[in-house]
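You will see subunit A twice below: alongside subunit B first, and alongside subunit C after that.
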Partner chain A sequence: MTLITTTASRPQRKRIPDRHLWLLLALVGLALLSCLSLRLGLRPIGWNEIWASFVAYSPETANHIVIQQMRLPRLLAAWLGGAALATSGMLIQGLTRNPLADPGLLGINAGAALGVILCIFLLGISDPAAFVWVAMAGGLVSTILVFLLGGGQRGSNLRLILAGAALSALFLALGRSLLLVSQRSLDVYRFWVLGGLDGIEMQTIFALLPIFGFGAALALISAFHLNAMILGEDTARGLGLRTAGTRTLAVAAILCLCAATVSMAGPIAFVGLVVPHMARRFSGADMRWCTLFSALLGAGLLMLADLVGRLPFFGGNMQAGVMVALIGGPAFVWLLRRNERGLR
Partner chain B sequence: MTHWTLRLPFISLRLSARGSAVALALALMIAAGALLALRLGTYPLVAGTWVAILGGGGSDIEQMILLDHRLPRILTALGAGACFGLSGAMFQTMLRNPLASPDVIGFNAGASCGALVAIITAGSAATGGTVLLGALLGAFCTAVLVVGLAWRNGLQAERLVLIGLGGGFALAALSDLLLSRTDARTAADMTKWLIGTLNARDWQDVTLVWAGLALLSPVLVWLHFPLARLGLPEDLASGLGLRLSPLRLTITALGIVLATLAVCSAGPLPFVAFAAGPIARSLLRNGQPALLGASAIGALLVLAADTAARMIVTLHLPAGVFTALIGGPVMIWLLVTQLRKGKL
Partner chain C sequence: MTHPACQSPGLSAHQPASRDVRLRAQALSVAYAQAPILSDLTLDIPDGEITVIVGPNACGKSTLLRSLARLQRLSAGQVLLDGKNIHHQRSRGVAQRLAILPQSPTAPEGLTVHDLVSRGRTPHQSALKQWSRQDARAVEQALERTSMGPLAQRNLEALSGGQRQRAWIAMALAQETDILLLDEPTTYLDLPHQIELLTLVQSLNQDSGQTVAMVLHDINLAARFANHMIALRAGEVFAKGRPEQVVTRENMAQVFGLKCQIISDPVHATPHVIPE
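The block that comes next holds the complex of A and B.
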């Protein structure tokens, strides 16, 4: 919490050029990473051919199919998923004023997992495409439960945190006991839960795009309000903020963004919890900038993780969810250790 | 609220009516639970024969069931639960964050990772001792690394939390990586260990966990006073004359030792360390860290989970599944009742 507030006491004027510079660098870096992500992989494809696959797509060329039906959906999924997770992480940390809050705390991931397990266990469905909407429904139900149990609009941060953690743990344990009972469910589920970007189809991404867009709009609005919220609820109310409305708005934004991500790519840890802290190192304390930087950094990190996991060194199939923590964990510690004067 | 003061020649104690009632109820529940757990099981052992068996009587099979199976298992469950509860409550109070239990901020990940490395390197020769050694080494290295990296002009709370978080995620990802790179049988062994089970505990485990608790309890009693003041804002705490950095270092070290003892004897059981503190605090409602209460709740939770796991023999569910299945509803029930009373 001091992390949020200490930067606010520094003089604003000095840092603004820094912030724009970082933004520019981040955008250039993202563009470069996107190009590399299309080019590299088990089968390196030349720039000319990548360009040709966009302007003159021919379904007979193998490389065109690889680019358009495998690498492009992955790239888009990494963009959307990384940005969505990191943004909602920033929102929940600002809302609860707790640096350890994770968007999964609202029960979205646990609910989605339970939904998928129930779907396999009761209905015997094993087609990953069907899981998208089941996971969405599970996440929705459990988030509403957590929100109500956390006191609804009148609730406090502590209540929301405790309710979310208790309900998530309960749902995960329920799911796990179902899995231990049924080997068949486990065989299907264990691929879903690893959280990866492979096998995502363009169709799914397009279907989820409105939800991502709606969530992003809500997130943008709540970022403006959360600037007052991080001062504490009483101060925020004194400044004229309707805290109950802000809480609902932020929870709705997190729900849209995370539910869409988890139903697209399975549960991916780390991005929602740690990337906001990284972003804050570059953006300063303003929640609007924080949210923007979180989105860019989250997208970049997930893309990088997916790219590295695809390289032949890792056997070409390391899950992005695992790689993101392997790369991001040490990077985060290094960022914290770095002399603060150099960065801020 | 009613209070009595107990005055002895060299010490005075203040007892509250609520605290005494809760303590009595918890003690009774633990005793009843332990006796019930001794009684329950596939082999019938009537309560009347226990004394005879303990005195050396009874048949060989009765001797074996009571002395080599049930008694060590129950004692290990109680000790490990108490350690989890204590460690969680200490970290939550010191870091002033209800989410900061040792499993969230990554110290358990070190022990798990160490145990996995031990299982892999030892291969088929892996015994309980090797795994234990691996877990101890892993936890020790993680603790030294995290505290060392977080130390700069003293130990700051959020630096410790964030560095622990980053390291914990990286270690958990490393565990996943190891898990995905081994053969199916070792992976099954490792998964079982990672969920946490109390199968086949012997007197070695009992001695480990209870000797640790007995050695550390004088320090805990001494720490109880400054720990209650660490919940205050930082400036106020140091204004009261507390030396924050040495105190935080001591508490961190102690908390890690307790968590490691618990993980080594029962595996990384989820949810216990997180839930014991809040449950105890909401029962006692005196604003204290409630270390004793948290240890009792932790012990009760693990005992209940293990007994449940033992009763449902046909399914072979590990105890780690039941900790959240039992603890989650308890916590939700507390939240709901408090919502009705308008508390929290």
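The block that comes next holds the complex of A and C.
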């Protein structure tokens, strides 16, 4: 008996410390980045004052307001949004077994964008705070449409993303044709569509928190099922998986996470596509670990992008949605090249 | 409706022995977009034996195997596993008794052999109850029985075709089922690796009495490794029984349209087809 258990645990003992070490490093890195994110910006603020803004907040001190009303919400939004987008990317790539799949493929972003455009165009609203709920509604409607067009429970994963691509294209075209005829809509929309974390209010974050939480719980359950799903639908069903149920669960998780993010920060591309690939290099092939690492790296990347975009060098307000690709692109190419050399 | 050839005396003698067999197809029909693939098939997969399904391309061999593993939507009839309709049972429960290896399965990049074999434990786990000592033992045993232990930490894409196929079989073994279905497990393997793989399957069957049903293209290999054969033609069972009952000159002509002589394999004494 003792002999069996020692041989049985050997193959894992080799890998798990690795993963745990990376996990620790990621958490330390995120903590450091979070501190820097509060401290740096157009106007650096000292550690003492940051601390004071938490324990003895005074609405008369300008720096306290900057920390509590601006930098803290941005920090939280980066944590939530980055983690949500990257997790969704991991789920959609695992579900469709397509490394180029992006959560945007389910039509969430296109639906949210159309919602926002309609809101500006028809109702004349240009207050970003009002966009939260129309973007959410747009994302919800389009994802449900995509799911139904993709055959619902009985569809296939391929049909799902094809329906998503078709509907996204349709919604984007509709939106653009509205923008063509309305200069004012375009002015408001072009800031929203870049995606960014400025101007997010604490209230919005708290309102969206339950949706993020629900999505995260669904994502963790899906990750276990996707471990079988990535071997192909036949193999997965042979292993006793209800593939239709798994598909519904994963789409629901992605819907919650992405709709909450897009309504908070606009459509931020790239994180969902690329971070899962980065995460896999640290986590190995187990989807549960992949999901955890995706969430952490996604949060880190978005936080970094937001932080760098706020530095004086970039004029103090480069949208995080733009910055994330400027930073993440080269980082990804470097990772790929390093990995290629490692293989040779 | 069974084909006339099934009523030959040698075949009906086989029927009574398999009355309460664990896996059985009853009046099974499958159609894709109205076109019938399988029509009204009734057959048993004898317990503890190696059954090989043969037939020309597009005769429905794979569809039959997939139907037996509840991967196929049926248009009529049913598949019984342990006496109950397989589609009415919990899929996870079925997966604890019956494993299937689909034809040329694919794995994502970066998966190690150990990762893959561990996935075979899926039906014994749930999102809440995950890795147990029992799982570790089953994975270790599956790796050992397929001689994949030394390669456990290797990436799947770094393996040869034969090793990769052994890794997939190890995954199905880790599932610890009494019944194992294999869909053309020798595809893309050269002859020595085909023999190696089929010998492995045979030893699994002989050592632990695991019931095996598989689809094979090569009649001679089928005849050599099977205890029981099923020959399909155009979606119907044309002949079934022991290899020497199925691999006959007339059956080969009828099923494959192949003119041939049958000799007895000088080494294994199984029927051997010599095409004319």
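Methods note: the second predicted complex is superposed on the first by the 325 of 344 C-alpha atoms of A that agree within 3 Å, B and C clash if a C-alpha of one lies under 4 Å from a C-alpha of the other, contacts with A are read in each partner's own complex, and residues count from 1 in each chain.
Keep this in mind: a residue touches a chain if its C-beta (ideal position, glycine included) is under 8 Å from a C-beta of that chain, and two chains touch if they have at least 3 such contacts.
Everything numeric here is computed off the predicted structure, so don't read it as measured data.
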First (subunit B), second (subunit C), both or neither touched by A:183: neither
Touching partner for A:151 - first (subunit B), second (subunit C), both, neither: first
Which of subunit B and subunit C A:242 touches, first, second, both or neither: second
First (subunit B), second (subunit C), both or neither touched by A:270: first
Contacts of A:232 with subunit B and subunit C, given as first, second, both or neither: second
Touching partner for A:48 - first (subunit B), second (subunit C), both, neither: neither
Which partner, subunit B or subunit C, touches more subunit A residues: B
Doubly contacted residues of subunit A, that is, touched by subunit B and again by subunit C: 99
Touch list for subunit B against partner subunit A, complex: 97-100, 104-105, 149, 158-159, 161-163, 165-174, 176-177, 180, 195, 270-271, 274-275, 278, 315-318, 321-325, 327-329, 331-332, 335-336, 339, 344
Contact set on subunit A toward subunit B in their complex: 1-3, 98-101, 105, 149-151, 156, 158-159, 161-163, 165-167, 169-170, 172-174, 176-177, 180-181, 269-270, 273-274, 277, 318-319, 322-326, 328-330, 332-333, 336-337
Subunit C to subunit A touching residues, read off their complex: 66, 69-71, 90-96, 99-102, 105-112, 114-116, 119-120, 122-123, 125-127, 130, 133, 136-137, 139-140, 152-153, 175
Partner subunit C, residues of subunit A touching it in the complex: 4-5, 7-9, 11-12, 14-15, 97, 99, 220-221, 224-225, 227-228, 230-232, 234-235, 237-242, 280, 284-286
